[in-house]
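What follows is a structure written as structure tokens; I'll ask about it next.
Lettered A, B, C and D in written order, each chain numbered from 1.
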């Protein structure tokens, strides 16, 4: 298959998440649900049936007392450069084909086979187990950004793609270049709302965008880098244990060392 | 009562007994049917599947029955292409078993997808890169082939065969059966392989991911081999089970042993490569991504014993038993080896489906557990019941076993 | 020619063949396919122009200055207001769900009159207001017969309520317990006056003792922004943050250092630190320095270790960090934002005095001018008041509840709910059907923050006097509700009082004017800032002398209630959208998990997942155990905000309410009721 | 039983023989032509239900007053397209009845003055899952995709597909894709879907 082959784009939207700034407050998860019309669930404690396009994981260093450390890791879709989910879809309901490198997911096309979910090691893909049922009246507060999905289809974070479209429209209106958006012209809801600004967003190939440098910083890493999926989401932490945990300790050359934490 | 419909010169149980039997099986069928309708009405939220286990019992079941149904294409290939004539004694049965397995698998797949009404999108908007597209294409086409192979047998029904047109149609179809067998072999090889390929390409699932040849990961070939290494013997097991049930001899042991030999040979090749593949995976691939062999297993239900059971007890052992003539020619040993063989292949499909997605890939994630619920079990049960019903009907009314009359004099 | 069967078959075959040459099949297939891609029962999106309007979201305790995004006039999302210097574009997780909360199933949809136990009847506004006037009119002029409890310490609504009570000859305006209440007492004990503020943005080392400043203490979004400014991604941090408290919470997770300190040892920890600092040469010109020094000397590192389990090294390292800092700042508070004793506050604040940071890091805010005449809030808080009601010491005939939920959010909550039963007429002004509203005789639905005028003056923790105003985002509330202040002003008029205003908007305009602020600019999302007042503080040594030595018997565990802003507050059950953020190690199904370290669990004889009963005083709660190595030794951490008995299907009956097992004790020397040092017994069930 | 079945089969065979040669190809042709007519003429009529606009809006009259298209159909500052005007815009002139046309009275009395937006039927309405940017297509003539209503006195009839619920004029995906392909614009899913 197409593994190992990363499709290159002139613009590559990427996220850099500073784990040393994420307090785990959850505002990103809420903003994401609001932007993307995810219906609230009565029992959201059953995490095996929820829809969380961005999910904040809790990581710990396994120590106790004053040695104990915790880090929160928001996990959106990684928009992999070499996505595992795209080639497996039997009906082309997901593709990575558009300038910007965002992996799309088209709900009216999806047949709900869940093969892409089986393919994604980040668990970024979610299945609509039920039709979206909003408490009475709450459908008046639906966001115009994302169509509501029926049950039986897969969905995932798309970096609030509609905001990308809107940014391009605005650029057109103002006589700017829609294909060369300025830093900050396009921001996903999670990045915009984060009260500590832990989430930076921009074109990782554009020197004018601050994520360009951030993604190359010495403390930057990507999750499961060794799998070769080439994610467009980068994480930054000055804490070594966090960085090492991100790739199964592969960086240390000590395979399996992460087992204690799993 | 329905004697006129029996195959020439064959005895069958009384109609009352048959109705009772069919009623008993239908109870399971109807219960599964209820679950299926519920699933169509409410969606697969009624099953035990979840965000981690998008694939579960259904996919395992599909893969297993498709592998076990491989007896149809491989026996057809040997009979019609390689002209091993002795296989005519069992070829009808392989076709019926194949038909049941594939039609059942198709039905389960329809339930399994979230939007069954869009199932045909696989043809309308195919993604040629997806192994699943290949599977969808091949298994539906192959099901057509199986139906074409099944039709002449139906037309040979005593009363139908009296109609000259149908008689001739059946005859002509028989004459051209080699063509269909050929097409079937091609389609079947590909989708058996694609089913393996489906897992082998999962770059994000280290338990399943494999390097490979050209676009095909090694699992592609391993799945083909394991299917042909188990399908023929599964047919033998079905045949023997029917003999026990009906108390009549249906296929001579020589033919069964031949099927055992065929399966055994293929299984041996398979086990050889499977061990090689596992070794390379554990020693080369896993370390390259920062993982270890030990990390692939957890506790009892995801423990190493499962893998060893699959490869050694249910792989190597039956392979040796089946290729050793002295063991193979002992009926009890042949059947034991057959059962082990079929269990091994099913276990293989289970591990690739469930274990590979149960394993935490994110280093801070946990092993996940999955138990199929009643809706999944009962719908699988429905397929099995469907198989029993079809088998019972065909056995009663169609001349499935050419040797039966001679052997039961 | 007759049509025989064969002819008929031919026609049919011809028909089928002909159909293939028409669009019938292909078009139908295509349309069916489209139909299957766009099921009619899936909700449709709203259309129209997308606008963003500045608003003041008082859904969280501090209030967030936000922008509400609307489509065709309907609010659908909340975004930050980057122009507002306080929130700087940040939004807390509760306000992020603000638009959806307008349609919360828990909203009170119209005025309700109680007609039986737990039964209400919808009534018209004019009848509801008449009933209110009638009940208050009967008691007018009888001192002690009308009381009010408010949970809104920043809004000018409080002035109207206390003004109304004053006019009716009553002074019983009680605030729900809060940090601010305790901190002001603490300041008094240190020889000063006013509301203390903390300049996190100006500090290069922030030591938070108990105060969960980056999640639920003070103006959290402003705190988070100040924190974020000191650590630009990819560059060196410009300030250090240290958290000392019972749980490795959200604040601790991003702090440079976490020191586990059991909740009852907060003061001892602060004094131990003072001892080390004095030992390293810190001196203060405060009049009571000598006394303080002697007091601190008792808190040696060994003593601190006994009380907290902290190693001497950790304490020394921290002292060294503080010594090295140019602008250190200490913030002391309860880890859950209330119930701490004034002594805990004084102990923490005394470090600021010792470090010479009063006026710089720690400020004192001047009293603001009132817009409505009156006496203001009582010296007692609602907990003390209701304790008196339960013993009969206070016997009001009518109670007004505004933006407060005393039946849920006071220690020994069940007793408090019972005490409310002693009051003959209770009226609740509430947006949502909370536990207290469910006990009231009359519920007057209040608008959602996006539907009304409201204001925020000096949310606790701000370093400078701060004033924000919010104007409605929508033209009309989505429910049949009225602004409580408008209702009260109307009632006042009918009762023959003149408070000088017709509507809340007028009150706020007057308030803005009194402060010298521009109302219109504020309503458009602006901010007004004044200057802190000067004034020195002493070290509070005489008060601190009463700090009791920490004792912890082996049978009980220290209780550390934990608040997590996303999960709501006393007056807001977890918003439906935020349930997703609740971890399944915190709430699973209907089970709440209490957290403790493996060591503590072992001592208590419980294991991961065990079902336990926590009891203290008369209260008890049920939960399960989750092991968390970030909890201080001998401490059990319990999340607040669960165990709701009213509200909606999203929250009702999930988990248990930790307030039920908080026990009140009298703080030595201050006369305060405190419950931050509650202890509990944990037993397996 | 045996006998009965045999008889039954016999009958079937019998009938087959009798039928041979009756009617020739004529019945087939009749069926064929009938089906073709039904498919091309009847079917489209059956497939669509007709609807009329809630208010008989005359573009002609408005144009005669000297109004330009973009007086009402304009781009907003954020680059999005306003589409059909809301009451706010209409009421700039029609707060009260100003003319003699009965349609205006309908608008003013039933919608404008009641504060109710007119539920206009949109001929090209796309479903929620489509993101269409008018801004990106503003170089293209409106009439290329939209009905030319500019000169009409009575708005055209709205045809609603009974199966899909879409307007007859709603552009299909293949049409979008064809034009994109011709103009060498990306046909990636996300270019149009949300």
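In this text, a residue touches a chain if its C-beta (ideal position, glycine included) is under 8 Å from a C-beta of that chain, and two chains touch if they have at least 3 such contacts.
Computed from a prediction, not measured in an experiment: that's the story for all the values here.
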| item | value |
| --- | --- |
| Central chain (distance from its CA mean to the mean of all protein CA atoms) | A |
| Farthest chain relative to subunit D (centres taken as mean CA coordinates) | C |
| Centre-of-Cα separation between subunit B and subunit A, whole angstrom | 39 |
| Interchain centroid distance [CA atoms averaged], subunit B/subunit D, Å | 48 |
| Centroid distance [mean C-alpha coordinates] between subunit C and subunit A, Å | 30 |
| Where subunit B and subunit C are represented by their mean Cα positions, the distance between them in whole Å | 60 |
| Residue list for subunit C, restricted to those that touch at least two other chains | 37-38, 44-45, 47, 50 |
| Subunit A: positions in contact with at least two other chains | 47, 50, 58, 92, 108-109, 131, 147-148, 150 |
| Subunit B: positions in contact with at least two other chains | 115, 118, 124 |
| Subunit B contact footprint on subunit C (complex, rising order) | 33, 36-37 |
| Subunit A-facing residues of subunit B, complex | 43-45, 49-52, 54-55, 112-115, 118-119, 121-122, 124-127, 129-133, 135-136, 197-198, 201-206, 215, 217, 286-292, 294-295, 356-357, 360-368 |
| Subunit B residues within the subunit C interface of the complex | 115, 117-118, 124 |
| Footprint of subunit D on subunit A - complex, ascending | 92-95, 97-99, 102, 104, 106-109, 145-148, 158, 161-162, 165-166, 168-174, 178 |
| Footprint of subunit A on subunit C - complex, ascending | 37-39, 41-47, 50, 71, 74-80, 89-93, 96-97, 99-100, 102-105, 214-215, 220-221, 224-225, 227-228, 231, 233-234, 248, 250-254, 258-260, 309-311, 314, 478, 565-566, 575-584, 587-589, 597-599, 629-630, 633, 648-650 |
